[in-house]
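Pasting the structures in now, so scroll down.
In the two assemblies presented below, subunit A is common to both, partnered first by subunit B and then by subunit C.
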Partner chain A sequence: MAADVLDATFAALADPTRRAILARLREGEATVTELAAPFAMTQPGISKHLRVLERAGLVSRGRDAQRRPCRLEAAPLKDAVDWLANYRSYWEESYQKLDALLGELNQNGPDATERDIP
Partner chain B sequence: MTSREQGEGLTVRALSGTGLLLTRTFAAPRRLVFDAFTRPELLRRWHGARGWHLVVCEVDLRAGGAWRFVSRGPDGAEMGLGGTYHEVDAPGRLVHSEIHDGWEEGEALVTTVFGERDGRTEMTTTVRYPSREIRDGVLRTPMERGAGEAYDRLAEMLDEMTLKGELR
Partner chain C sequence: MAADVLDATFAALADPTRRAILARLREGEATVTELAAPFAMTQPGISKHLRVLERAGLVSRGRDAQRRPCRLEAAPLKDAVDWLANYRSYWEESYQKLDALLGELNQNGPDATERDIP
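Let's look at the complex of A and B:
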């Protein structure tokens, strides 16, 4: 996928309100009014977050002029989550080797790595 | 959450812009963890995964000192990276630059804080990339995993990875 799409996705996900909006949309379509309800935020405030999510391709708006329901577009989200999962999985595997090494060093006593001290 | 993804508690979060935040707890005092992150003879024993391991590991552990790693992969491919230590404050804090060979324009700044509680170490690492190309490209290459995750795991993974503690 294009790097700028991934970047826009990460930027969109970096905000807790936008993450909460996405979490709400996982349950189904919602209007701006419905989305604003759980937040101490005005509809224009929510709309601003929605525009960021739309630009990142994470949310689309329905054609119904009255309601313009918002819906989750999962593909970019999946790419971003896959990227993070891959990154995490790589380093977790590495850190599990470190866990084993630390266990070994701990067993050898507190001075196991203090080779420079006579 | 599948067991393959769950691991032992490493969390990775995207920060706004082009940053990543990593947190992980280790069952050892931070002095040992700090040593494991800064002593070549220890780094060689754990650094890398999926068949990648260090074949060069040089550390000049002082502010202004240089470090250099070369990792070799399962197919013999090598990847070099290095940088400069900006702050060395054992055993609590380490700040260094990180530059991958051939991508000199993309220097990342890595800040690692080791906190200790009851003999356990809580590591918090912030990685700041100068551009999205570096962040995406550098990290993707050696860790390509192939098939993506099944769509139906998306919600669970999101909960674990980016929404934890932030839902109302």
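Let's look at the complex of A and C:
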């Protein structure tokens, strides 16, 4: 997969409004007006975010000249997940260490003290 | 999970040099000098990328004042994968449609033409 495709995908995802737009589009196509409604943002503001999502191939626009409904294109997200999957064993190791630490704290912490009270 | 944590994670991943640094750190800790070696980039250039990775919690630095080795911290990547997992059924649908289209092209394409030749 090309590096610039991953660059565009991750950059597009690095904004809460753009992630919220993608989440809304999981429910189905929507116009810019419909997408702007839940946000304290003007339509030009939403359109700017949509252009970033379109350039990243995450959103396509319908041909109806009046409505131009927006549609989720999820395929580029698979490449992002495939890249991240190479790190799974490393974050699992982090969480195992955290579990072990919490286990130790429980053994030596409040419970242990309670057992010492007659 | 906090939106700004996801913002920082995805923004940190939106650069090929930063992704290459993380890939190198999967093999083990490395100094800035060691990390800079494979890149056509000065040490200050690499240090700038490292600061972005550190702020995103993806890299930590050792305490050895001379070497300050860099270490991969993969835990934030799990949140990114968890967010992306919500879109799995959508990209699987895209790939199924592509498979169906390729299947149709094969049926009606060169092979079909060959069968028509006596």
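By our rule, the second predicted complex is superposed on the first by the 87 of 118 C-alpha atoms of A that agree within 3 Å, B and C clash if a C-alpha of one lies under 4 Å from a C-alpha of the other, contacts with A are read in each partner's own complex, and residues count from 1 in each chain.
The working rule: a residue touches a chain if its C-beta (ideal position, glycine included) is under 8 Å from a C-beta of that chain, and two chains touch if they have at least 3 such contacts.
What you see is a predicted model; the values in this text were computed from it and never measured.
Of the two partner chains, both subunit B and subunit C are touched by A:Tyr87.
In the superposition on chain A, A:Glu73 makes contact with subunit C only, not with subunit B. By the document's definition of touching, of the two partners only subunit B reaches A:Gly103; subunit C does not. When the two complexes are overlaid on their common chain A, residue A:Ala11 makes contact with subunit B and with subunit C alike. Touched residues of subunit A were counted for both subunit B and subunit C, and B has more of them. In the superposed pair of complexes, A:Arg19 makes contact with subunit B and with subunit C alike. Applying the stated contact rule after C-alpha superposition, one finds that A:Tyr95 touches each of subunit B and subunit C.
In the superposition on chain A, A:Pro38 makes contact with subunit B only, while subunit C stays out of contact range. Subunit A residues 3-4, 6-7, 10-11, 13-16, 19, 22-23, 26, 74, 77-78, 80-81, 83-88, 90-91, 93-95 lie at the interface with subunit B in one structure and with subunit C in the other. Against subunit A, the residues of subunit B that register as touching in their complex are 4-5, 7-8, 10-18, 20, 22, 24, 26-29, 31-33, 35-36, 39, 42, 45-50, 132-133, 135-137, 139-140, 142-145, 148-149, 151, 154-155, 157-158, 161-163, 166-168.
Residues 3-4, 6-7, 10-11, 13-16, 19-20, 22-23, 26, 38-39, 74, 77-103, 105-106, 110, 112-113 of subunit A are the ones touching subunit B in the complex.
For subunit C in complex with subunit A, the residues that touch the partner chain are 3-4, 6-11, 13-16, 19, 22-23, 26, 72-75, 77-78, 80-81, 83-88, 90-91, 93-95.
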